[in-house]
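Structures incoming, each one as structure tokens.
Shared between the two complexes below is chain A, which has chain B as its partner in the first and chain C in the second.
Entry: the complex of A and B
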């Protein structure tokens, strides 16, 4: 009973955190009146305190404002890349699942090869081909996440295509495309939605990782990975410069995972 | 030579740069707390591995000059006060017309592979430097570039270097590691492997022998037991005291600092100014201001925005440089007032230190007067509907401190309505933009122990002339300065150039970089040269 309560409390905290971070991304002005780009040579590397709850960085910029404004970049890349991977994954996965055996076999071997590599490695490879930049980071992370979505969408398609209602629709002479759109796709979306919720966390980490390496947006853009990188050599003197962006990245990823897992359990429970 | 703030050289021209002279009898770190011992190992942590650039004759990397100094000797050596002392050459004569330098060589010097050092070895090395196949920009510039007219062997121990016109920086340049000597056998048999370097390839006559090289990780040097030809007057004569020098590649500055404070390494180089507080009093810290052109902004005078001298001056005086440098470097580095660093021999004009100052009102007035009087919705100035905006290109990776400084400059200029767009470009993209002249300003610092470095930065067609300046009077002043051997006359000419730039704001000097060396008190006798780079021939471990 107690454990259940703790789990629920954790879920609520995680959900609230996600809501807060989303709000930061959408309306950063609600959280701070300060400009994340405004420097102040008299306020360099101030520790957290009144006026600067997260302290200031090497050029006197308010870390709280930078973290708040950074949410839109980091969440934007995470959500954008995940959404793109989801859409493309569903389309490709469904088509592959409905395609003749030969095509399916070839496509899936390709996907399996991609799955054999860690996602971050694929993202790095994509960046190496595309070149650095914020848009390319989103693309690279999306490409890296794609194989998993294709695989799940295809598996769901295989299950659904043999179900009674699909057989019935086909028996009634409904056009195959219409069958795919109105019967197959909706049924693959639910499990994919759950994966995507957890996947947002992974893509945010991957995007922040690429930015940390200097491959994403550039200073003075307040992106979380970049902020973390900017503080990495100051850990001994000014821990707050790296600490708060790190907390935000960790908090967002953990929250997304907690919420995603809860959704998955809910989905599994319903199905069995 | 390029400072660490921009470790590459614009490709192409073989135009002349100058001297990176080396001071052997520089300041020495105070002895450690314990007694000096014979033998032992010193570990030295550095930021970059010069992988693929280990050839002293073609590399442009400062780190390579630092890491090859233990292995390669030069004809002469330069003291801290600029005087030149004998090293592998015992004496020399300069002809009255300044066109011929004749060196008398030591006859007891051998390379570590047993080859003899003689006049033929000098000629083989200098021929190698100017051979187009070597693709040398740095060393071939130091040897005189187009002024260099060949080397003659007079006899076994006499060699003559010829020039087509007087070239005053040569003697100081001859002290640099770039004009150091390979074993002629290596030049004959391994010429195509010099850039890769390593044991058996990087073979000189120095106090240490490179005995192991693991790219990206470690270089191990063992002492040359036969060494007995140190520069005249050097504290350490004869073989090195330590048996072994281990260089560890530690790219992150915080990692180097922690490696020093935890005792994993004895000495670290390129120490971050911000980490000095963490290092504390238990260590010996030597900061040396870099000679040459300070870290500066180069305003492209051929572009509309900076063709107007009043706009350039408003730009230079429109942000609070004092406060910015103080904020970024926490008082460790000094702001620059001139286009030459204070430690550049026989040239620095200290009078400029009282002239430059931040004045937002004056900058605003000047921009109004220049016609940039309207403002757009973002608060930037406009003229005829066009925004007052400058494109700043930087070569990546941009050092963290420079990135912070750039932010402060951008933000400061925004307050007077001057937009600066800072594009940090990948090396390839940077080079494209640079060579096409598609930028309003760019940035770097350029290490050099001779003021002739200004010739490549301000002279017409100079390959570091990012400002695209072309002024016959400036060219004439630069040309007479390089041909003048009289120190006070040279200083007078370089003073004129520095004052001219202060009035014309073509180059905007920002700060004087320093090489910060930090070492544990367990070691002593580590000397530094004019750049602040460590010399280990007299270093020892204490009990």
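Entry: the complex of A and C
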């Protein structure tokens, strides 16, 4: 009983955190009246306190405002890249799953080659080809996440394809295209949606990592990875500059994972 | 039997899950050398009663009882460690599916030896030396009539047939020489001929002094072996008495309903005119209306039948064959040289045991699989070997009802959407007339329209099969292929579904091809029967004829093995 309560409390905290971060991304003005780009040379490297709950950085910009405004970049890249990977993954995975065996074999060997490399390495490679910049970071992260989605979508398609209800639809004389649209894709989406929720966390970390390396948005854009990197050299004097962006990244990733796992368990319960 | 030693005694046995009472003050007793059958439908609490006697209730179940004695030991307050000393040594369990119950990575002999290693020599309780162990294992396997026990002991479960696996499981349950054997649906997963052998084995063990409790949904199965029967419903024993009493003179209405619902073979010998020629099918030169008499289609039954003509066969199979490659590279014919005609509104049963090729045949008829030899025609037009694109528009003429309706429904769909998928023309017809048609279809299969918004997992097994039938008849098919459509259902539900199918055949004039392992079900529904074995039709003809005077030895064995009520 106690364990269940603790798990539930964790889930509620995680969900609330995600809601808060999403609100930051959509309406940062609700959280702070301050401008994340406004410098104030009188307020350089102030520790957290009244007026500046997260302190200020070396040019006197309010860290709380920067973190709040940064949510839209980080979440935007994370959600955008994941959504793109999900959509393309479902389309390609379903097609591969329904395609003749030869096509399936060739496509899956390609996917397996991509899966053999760490996701971050693929993202780095994509950036090297595309060049740095915020949109390219999202693209690179999405490309890196794509193989996993293709693989899961294909596996789910193979399961659904052999299911009794697809055979039943075939027996009813339903056109294969219609079967794919009305039975196969919707039934592969459910498990994929859950994986994507967990995947958002991973994507955010990857995007923040690329920004940290200076390959994403450039200063003064308040992106979490960039903020972290900006605070790196100040860790000795002003821990708060790196600390709070780090907390937000970690919190978002953990929350997305907790919520995603819970959704997965709920989905499994419903299936059996 | 009354003066024999009592091995099980339970009074006021109650099992709760939270506030829900699932077994409600059940009392039973069992003497050595006696067999008690607990009979009930799914959800009656019969399995939980059996588990309570083994101390194997789920963790969240709460057990209470005024008295619960196993072999003289009060087991109400036993710890798990104490239970382990009881189970195997004083009470043994045989469950339904031996393939699941036996460890796939362990040789059968080890399975039996394990019990002896844990409990020691049954007579002395001492540790058994290796040689004595092997000897006892062989003896135990021999006792349950496993042929060549020494060799079988070295084999893995998957290398044994279903019947041998069940015997091995019984041997392992008996290795510790328990006084009580609890058999939970011991023969449900077995073919009817094998079932008869296992039942014979159990009654032999009973005669040797073992107390047996058999849990079953099937009154006919227990009729042959049980001395007493307890009928359970909703957690209570509603009727108990000697088998003869309960079966010949049931007092409780539920028992009477169960007995009436159980499909059975008409008592042999068949009175000759018990199956009149169906009046709706024009006999085609000969006495057997629906099946051609030879092994190929009789030439007289109209080679030049024009498409869709009223009297030509709806479906004709000619020399059908389908081969599968075996793992060792050889070829196995799952279906071989099968020919028959189905006339409009006729009902043909296809009977056989598992592996006889009956499901493969059904798939060939439906065009889900392509035959390697022979052909199928539907309404006089080629059906097998036609491209799927050209076949699609004709699929409405031949429809399919499977054993597992839940698997054949998209889990996201509601009942009305499931049925709508079966309508011809798809989304073209106007939504209002579609809705009315769906309501009418659900009504015709006895599904209340208030269920139209439910999803498949919210329906009972019987309701699901009704929805599957509604979907199948939505396109007004000429023929329904049913693959074991009632074998997963309780007997009382089974009877209503069979009635429904018979009614559809009468009212809509739809022909039925009814694939089943259950001769009794086929006998109640069909006019003609094909008996299949190893992919071949070994016997065919009118139901009454075939079951009353079986010609082929396999048909004889099949008919003899059907459990009968006294």
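Methods note: the second predicted complex is superposed on the first by the 272 of 272 C-alpha atoms of A that agree within 3 Å, B and C clash if a C-alpha of one lies under 4 Å from a C-alpha of the other, contacts with A are read in each partner's own complex, and residues count from 1 in each chain.
Here is the rule we use: a contact is a pair of C-beta atoms (placed from the backbone, for glycine too) under 8 Å apart; a residue touches a chain by one contact, two chains touch by 3 or more.
Remember, predicted model here, so these are calculated numbers, not experimental data.
Touch criterion met: A:236 reaches chain B, while chain C stays clear of it. Once the two complexes are overlaid on the shared chain, A:158 sits clear of chain B and of chain C alike.
Within the superposed three-chain model, A:169 lies in touch with chain C and out of touch with chain B [touch as defined at top].
By the touch criterion stated above, A:44 is placed in contact with chain B alone, chain C being left untouched. Once the two complexes are laid over each other on the shared chain, residue contacts for A:79 go to neither chain B nor chain C.
Residue contacts after overlaying the shared chain place A:187 against chain C, while chain B stays out of touching range. In the overlay built on the shared chain, the residue A:254 is in contact with neither chain B nor chain C. For chain B in complex with chain A, the touching residues are 252-254, 257-258, 272, 274-275, 277-278, 320, 323-324, 326-328, 330, 396-398, 400-401, 403-404, 407-408, 410-412, 424, 426.
Chain A makes touch with chain C in their complex at residues 163-165, 167-175, 178, 182-183, 186-187, 270-271. By the touch criterion given at the top, residues 37-39, 41-42, 44, 58-61, 131-132, 214, 218-220, 230, 232-237 of chain A touch chain B in their complex. On the chain C side of its complex with chain A, the touching residues are 366, 368, 392-396, 399-400, 402, 404, 406-412, 421-422, 424, 426, 471, 475.
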